[in-house]
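Each of the next two complexes has chain A plus one other chain: chain B in the first, chain C in the second.
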Partner chain A sequence: MNKINEKFPPSAQRKLTAGLVGILVCLLTILLFEEKRGESLRTFFLMPLGSLQELGELVAYATPMVFVALATALVFQCRRYSLSMIGSFMLSACLTTGFLLLGNEQPAWYLVPSALVISILAGAGAAAIPAALSIRRRVNITISSLILDFLILQLTSFILSNYMWDPAAGQSASFEIPERLWLPEILPALGLRFGFLLAAAAVVLLYLLLYRGRLGYEIRAVGASESMAGYVGLSYGKTVMAVQLLAGALAGLGGAVEMMGVQPRYIWDGSFPTVALLGILAAVVAGYRPLWIPLSCLFFGYLWRGGVLLNESTGFPVEVPLFAAAVMVLLLLAMRDLDVFRAAAGLFQKKQAGDAPAQGMPPAATQPQTAPRRAAKRPAKAKQQKTDAKLPADVPDGSEGVEEG
Partner chain B sequence: MLLLSEMAGAVFSNSYLASTLQIATFLLFTAVGVILARRSGVFFLAADGVLSFSATAAFLTDAAVRSLVLGDAQEGTQAYQALVGRADLFGWITGALLGISVGMAFTALLCWFLLRAKTNALVTSILFNLFAMTACVMCLHLVYREDRLISSAVAAAFPSLKIESAAEIPVLGGLFGDTSLLTYLAVIAVVAAFYLLNRTGFGLRLRAAEENATALISTGISAERTRFLGMLFAGAAVSLGGVSLALAGASPSLSIQPRGEAYLALVAVWACDGRLWKSSIAVLMLSLVGALSTIWSAFPIPASLVEMLLYIAALGGLWIHSYNLKRRRKRRLRRQKRIAEGEKVPQHGGTRRFFGRLGKRARK
Partner chain C sequence: MSQECLRVEHIQKAYTEGFVAIKDASLTVRQGEIHGLLGENGAGKSTFVKILSGLLGRDGGTFTLCGVPASPSSQEEAARLGIIKLQKRSGLVPSLTVEENILLGRQKNSLAPLDRAQMRREIGALLEEFAMDPAPQDLAKNLTAEDALETELLKAYYAGAKLVILDEPASYFTIAQTEELFALLRKLAAKGIAILYVSNQVREMLELCENITVMEGGVTTGEYAAADMTLRRLQNRMVRENKPEKVRWTRPQRGETVLKVRDLSIFRGEAHQAVQKVSFSVRAGEILAIIGKPDSGARELCEVIAGLTPAVAGRVTVFDDDITADSVRGARELGVSFLLSSPQRIGVAPSLSIQENLLPYQYTNPAYRNHGLLDQEKLRQEAQRLVQEYDIRCASVEENASVLSTSSAQKLLAAREFSNEPVLLVAYQPTFGTSEETAAFLEKKLLELRDEGTAILLVPTDLDEFAAIADSALVLYQGSITAYLPKVTGKEELDPYISGERRMTQEELEAVCFE
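Moving on to the complex of A and B:
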C-alpha cells in the first residue's frame, strides 16, 4: 500500500475518484432520464472524442475555461475569495462583441488586437471595483464581487437586447461575429486557433509568476497570513490589487478568446456563462496550481462538450455536466484527508473480518493488525494529531457527562 | 417629461407597496436566517443555495400535488370547482413543508462540511451555491423538458389575508389590502429571532459560541452542537424565504434566472453589522428599490436597467457602511487618546448618552 501511495499520491487518488464519480453522475442522469439510452450515451461520451475535428472542438471549448481557472487560482491563492472573474468574463465578452460588430468595416489587423486590448481592460476594470472597495474601505470582497457580477449580468443583458440582438437568431443572441475577425488559425487540422497559444503561454507565465517570481511569493505570503506579510514589509493593498487586476485581465482575455473563435454569438441573456462557472470548479480541482489547470479544464471541457452535443441532438438539459462537476468538487472537498485506496482496502479487510467469526476468529484480532500499519504511514504527524484530538476529552471538567445528559 | 411624471405616479400607487411587501417577505426571512447563522459563527454565503433549493422543492411539490388532487378535471367544469379548493390547500401545505425540510437538509449537509469536515467556508459555500443553482435548473428542465419558461406548471399560492376596507385607502392600501400570510409570518420571524437570540438560554449559548467558544466549552456545552442547532434555525428561516419566493403572491411562478436574492440579504445584514432591527429596515429599503422593476415593467424603459438599480443600491449600502466603520474607528481612537492623556471621558457615547440624559431628567 505504501508503494502505491508513493507512486500515486493520496491527492491524486482523491482526484481520480472524484473524476470517476463525476462521470458516474452524468451516466446515471442520462440512464435515468433519457429514453434513447444507447444513442445518448454514445453522443455524450464518445462523440467528443470521435474525430480529430471533434477533439479540436473539445480543446477549443476548454481554452477560455483555462483563463477563468487561472484567474480563480490566482485569486484563491491570495485567499481574497472574490468572484469577479465571472463578471470580468461577461463584461469583456460583451464589449468585445460590441466592438467587433460596430467596427465591422475596419481591417482585421486593427480590430483583432484592439479587441484583445479592450477585453483585458474591461476585465481588469470589472475586477478593480470590488478590489478597491476591499482595500480602501474594507468591504467584504466576496459579497461585493458577487453583487457586481449580478450588476454586470443586467448590464450585459441590456446591451445585448438593445444594441446587438439578432432577431433572426431564434433565441436571444447577438449578431454573429464575421469569421475574418476571429483569431487566426494555427492548426487547421484540429481547428485550433491563436487563443490556444495564448492559454498555454498564460499557464506557463502564471506558473513562473507564482512559484519562481517575487510577486508570486508576495501573493502567497499575503494569502498565508495578512498580518505576517505586513510585519515583513509587504504592502497588503498593492499585492491584493495586483492579484485582482491580473485575474480580471486573464478572465477578460478568456472572454475575448471565447467570442473570437469558439462562440461567435453573445448568448448569455440573464444567466451566467457555463464556461466561467466550470472554470472556477476546474481551479478548485487542480488545487489552484497553474500547471494542473489545463488537465482539469480538458476533463470539464470533455463533459461539457458531451452535454452540448446531447442537448443539440435530443434537447437534454445542458446543465448536466455543470451539475456533475459541482458534485465532483464537493466530493473532493468532503474527502479532504481521506486516503482512498487505503480506505477501500480497509473496508475490504473489515468485510473479511466480519466473515471471520464464522471461521472461529475473534473480530477484535484485526484491530492490532491495522493500527501499526496506520502508524507506520504517518508516524509523527498521526500520533500528534491523535493526542491533540484526545486533549479536550481528557480534561477533567465533567464536560462529557453534561453533554451526554 | 410625461413619462417621468407617470413613473412617479406609479410609485404612489397601491401596487407599489404590495410588490414591495412581496419582495421584502423573502428578503426578511433570508436576512433573519443570515443573522442567526452569523450568530452561529458561519458566514452564510450558501443561503442562496438553500433559497433556490427550497423554492424549487416547494414549487414543484405544490404543482405536483395540486395536479394529482385535481386529476383529470378540466378547468371550468363542476368537478373542477368541487376539487380546486382542496387541491390548493393540499398543494401549498405540502409545498411549504417539503420546501422547509429540503432547505434544512441542505443546511445540515453544509454544516457537516463547515463544522465537522472543517473545509474552507467560502470555497465550500461558493461550490454549494453552484451546485444548488445547477441542480435546480437541471431539475426544472428535466421535469418540463420542452417548456423553457416553466409556464405550464400551476402551483397554488400561499393564502393571503384580504381586508376589503383597508384596500381602499389610497397609497397604504397595498400594505394591508391583500397581503400573504407569509408576510405577517416574516414580521413575526424577526420578533421571534430577537426573542430567541436575546431572551432565551439557547440564544445566550449561541452568542457565546460565536464570541467566546472557549468559555462555552469550559461550562461543559459543546460549541459545535450549539452552532449546528443555530444553523438549523437559520436554515429553517432561509427555507421559509425560499417558500415565500416561490409561493407568495397571487400567481406563483419560478424564474430560472439567477437574481442573487440571498446575496442582497447578506448585503443588508453585513451593512448593518448583523443588527436585527437595522438589517430589517435595510431589507425594507432594498425591497423598495426592488419593487420598482415590477411597477415600471409597463413603461418603455429597459427592464435590465431598472433591475440594475437594486444592485447599485446594495453596493452603495456597503460603501456607506464602510464610511460608518471608519468614523467609528476614528472616534474610538480619539477616545483612547483622551484616556491616555488622563482626561475624564464619559462611559457611553452617542445614543446611549442621549437616552441616559433623558432618563436623568425623568428621575429629577
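Moving on to the complex of A and C:
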C-alpha cells in the first residue's frame, strides 16, 4: 500500500476518484434516460475525440477556460478568495463584442489588438474594485466580488438586450462578430486560433511567476500568513492588488479569446457564463497549480463538449455534464486528507473477513458509492491523526495554522 | 495516601512510519495531587499525554481510571470520563464571554433549555471563589493568555474533571503570571482534582509539583517526590548528555551610537498610554536590556522601533535616519532586524516550506536571481547552510514549517534575523518557549552578533538570560524609565525600580542618551 502511495500520491488518488465519479454520473444518466444507449454513449464519449476537427473544437472550448482557471489559481494561491474572474470575464466579453460590432468598418489590424487591450483593461478594472475594498476598507473580498459579479451580470444583460441583440438569432444573443475580426488561425487542420498560443504562454508565464519569481514568493507568503508577510516587510496591500489585477487581466483576456473565435455571439442573458464557472472548478481540481490547469480544463471541456454534441443529436440536457463537474469538485473537496486506496483496501478486507463475500460488488451502483465512504472513515481518520503528529497541513485551503489575534 | 486517580502502565506507541515515540511509559496520579511530567523537548511527553487524553490510540499497555479499566478512543470520550487536556493554544471561543465559554458544552442536547440564571449564579460564585481576574462578561478574545488558561481550568473544574492535563502552559508566561497560575492550580488540587503538569522547566516543577515523573527518549525513568530533590539532581535525571554549556559573558567593545530614541510616546488601543516620553540610545557592540513587568510597555516599544505599529510622538533614528514613521520595510532596509516572540509566532508561516520561511530577504534580493528568475540552487544551499548552522531539526528544507518543534521554529526565526548582518537587532524575548539547550545556543549567538558590532536592544525572556548576556539595562515601569544601569549587577537592587517604588533622577536617566 505504501508503495502505491509513493508512486501515486494520495492527492492524485483523490483526483482520479473524483474524475471517475464525474464520468460515472454522465454514464449513468445516459444509460438511464437515453433511448439509443449505444449510440448516445458513442456520441458523448467518443465523438469529441473522434476527428481532428472535433479535437480542435475541444481545445478551443477549453482555451478560454484556461484563462479563468489561471486567474483563479493566482487568486487562490494568495488565499484572497475573490470570485471576480467571473465578472472580469463577462465584462470583457461584453465590451469586446460591443467594440468589435460598433467599429465594424475599421480594419482588422486595428480592431483585433485594440479589442485585446480593452479586454485586459476591463478584466483588471472589474477585479480592482473588490481588491481595493478589501485592502482599504477590509471588506470581505469573496462577498464583494460576488456582488460585483451580479452587478456586471445585470449591466451586460442590459447592454445585450438594448444595444447588441440580434432579432434574427432566435434566442437572446448579440449579432455575430464577423469572421475577419476573429483571432488569426494558427493551425488550420485543428481550427486552432491565436488564443491557444496566448493560453499556452500564460500557463508557462504564470508558473514561472508563481514558483520562480519574487512576486510569486510574495504572493504565496501573503497567502500563507499575512502576519508573517508583514513581519518580514512584504507589502500586503501591494501584493494583493497585484494579484487581483493580474487575475482580472487574465480572465478578461479569456473573455476576448472566447468572443473572437470560439463563441462569436454574446449570449449570457441573465446567467453566468458556463465557461467561467467551469474554469473555477478546473482550477480547484488542478490544485491551483498552473501546469496542471490545461489538463483539468481539457477534461471539463471534454465532458461539456460531449454534452453539447449529444444535445444536438438527441436533445439530451447539456446541464448533465456541468452537474457532474460540480459533483466531482464537491467530492474532491469532501475527500480532503483521505487516502483513497488505503481506505478502499481497508474496506475490502473488512468485507471479506466479515459478512458474505462481496467480490462481485457492482462498481456502478450508487449505493456502495456512499457506503464505502462512511465505512472508510475510521482507518482514514486514524491515519490522519498519525500524520498530524508529524506532518500536518497538506495544502490547507482556508484554514491557517497561524493567524493574527 | 489519597486514592489513585489515573494509573497507566507500560504504554507504547509507534507511528506508522516505524518511528517509536513511546517505548515504555508508566504513570500514576493520585486524587488531589499535582503531578509533574518532566522531560527534554522530544522526549515523548506530548505524545504520551495525547494518548492519556484520548487524542491518540495506544499500541500497548494498561489504562486504569479510578480503579476501573478505561480506554478512551477520542478526546470527547476522555472528557466524559473526566480527563481534560488543555491545548497549547486557547480552546476558548473568542467571540463568547468567559461565562458563556464555561457554560459551553453543558447542555445534554442542543435543544434542551438551559437554566441560565442558575448557571450564571454558579459561575459567578466560582469566579469569586477562585479570585479570578476576568469578569463573567469579558469576551474571551480580550483575555490575556494567562486569564484564558485560567478560564479553561475553571471550565474543566465546572465540567467535573477528575484529571486536568496541562502541556507546557507556562512557557509563554512571565514570572508573575506563572505564580498566579500555580496558585490556581493548588486551589484546584485542594478540591480533589488531579493535575498533570507537563514541562521541560525543572524549576517550575520543583516549585509546583508534589511528585515528578521523568521521561526521556520515550521511556519514563522514574518517579520522584519533589521534596527530596534538588534542582541539580533533577536536571541530571532529565538530561543524559550534552548539557548546555553556560553562556560566558564577555566585556563589550562599544562603538558609535546606532539607535536613538527620543521622547517616544506610544498608545495602546485608543486611550491607554503604553509608553511615555522614553529616551535612550543603543551603541554598536552592546546589548541594552529593557526589563520590567509584562505591562511595562517594552513590547510596544519594540514594535514601534520595528515599524509594526505607529508612535504618537517622539523620534526614532538609526544612524541619524529618522524611521519613526517608516513601515517594517523601511526599517529593515536600514539594517534593522527584529525577533519578536509571541505565542502565535507571527514570524513563521506554517504552510510555507522551511526554505521559504528562512529566506524572505534572499527571495527579494537581486543577488539570488538568475536571468530574472530565482536561483533555486543558490537559495537551497543558503537554506541548508542556515539549517545546519542553527541546528534546525528537519528532514529537508522543502518540508512545511509546520513540522518544526517550538525550539526549532524559534531557531528558524533567529537564523533569519541574525544572518542578514543587521546593524540593529531588536530582540523581544528571543528564547521564549524553547528548551534550555536552545536558549543557551541562541544566547551565544546573540553575544557573537554583538561582538561583530551589532547594536542589540533586548527584552530578556527571563532574569537568567538578563544576567547572562546583558551589558547594560533600562528599567521600564508603566511606560516610563525608572532606572538606567550602565553595568548589570544583581537583581535585588533592580526590584524597587521594577515595581515603580523608586525612580532615578533626571540626570541619571539622561546618561543613557548618547549622541
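Here is the rule we go by: the second predicted complex is superposed on the first by the 354 of 405 C-alpha atoms of A that agree within 3 Å, B and C clash if a C-alpha of one lies under 4 Å from a C-alpha of the other, contacts with A are read in each partner's own complex, and residues count from 1 in each chain.
One rule holds for everything that comes next: a contact is a pair of C-beta atoms (placed from the backbone, for glycine too) under 8 Å apart; a residue touches a chain by one contact, two chains touch by 3 or more.
Keep in mind it's a predicted model, so treat the numbers as computed, not measured.
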item	value
Touching partner for A:R138 - first (chain B), second (chain C), both, neither	first
Touched partner set for A:I280, first chain B, second chain C, both or neither	first
Chain B versus chain C as contact partner of A:K7, first or second or both or neither	neither
Touching partner for A:F150 - first (chain B), second (chain C), both, neither	first
First, second, both or neither for A:G270, with chain B first and chain C second	first
Contacts of A:L330 with chain B and chain C, given as first, second, both or neither	first
Winner by number of chain A residues touched, once chain B and chain C are compared	B
First (chain B), second (chain C), both or neither touched by A:P317	first
Common ground on chain A, meaning residues reached by chain C in one complex and by chain B in the other	392, 401-403
Complex contacts: residues of chain A adjacent to chain B	29, 33, 76, 81, 83, 133, 137-140, 142-144, 146-151, 153-155, 157-158, 161-162, 270-272, 277, 280-281, 284, 315, 317, 319-320, 322-323, 326-327, 329-330, 333-334, 336, 392, 397-399, 401-403
Chain A to chain C touching residues, read off their complex	208, 212-214, 217-218, 220-221, 224-225, 227-235, 382-383, 385-387, 389-393, 395-396, 400-405
In the complex with chain A, residue positions of chain C that touch it	15-17, 19, 21, 47, 50, 55-57, 141, 307-308, 327-329, 331-333, 340, 344-352, 356-357, 360-361, 363-364, 369, 372-374, 376, 399-400, 402-403, 416
Residues on chain B engaged by chain A in the complex (per definition of touch)	45, 113, 117, 119-120, 122-124, 126-128, 130-131, 134-135, 137-138, 141-142, 145-146, 217-218, 220-222, 225, 256-260, 263-264, 266-267, 270, 302, 304-305, 307-308, 311-312, 314-315, 318-319, 321-323, 325-326
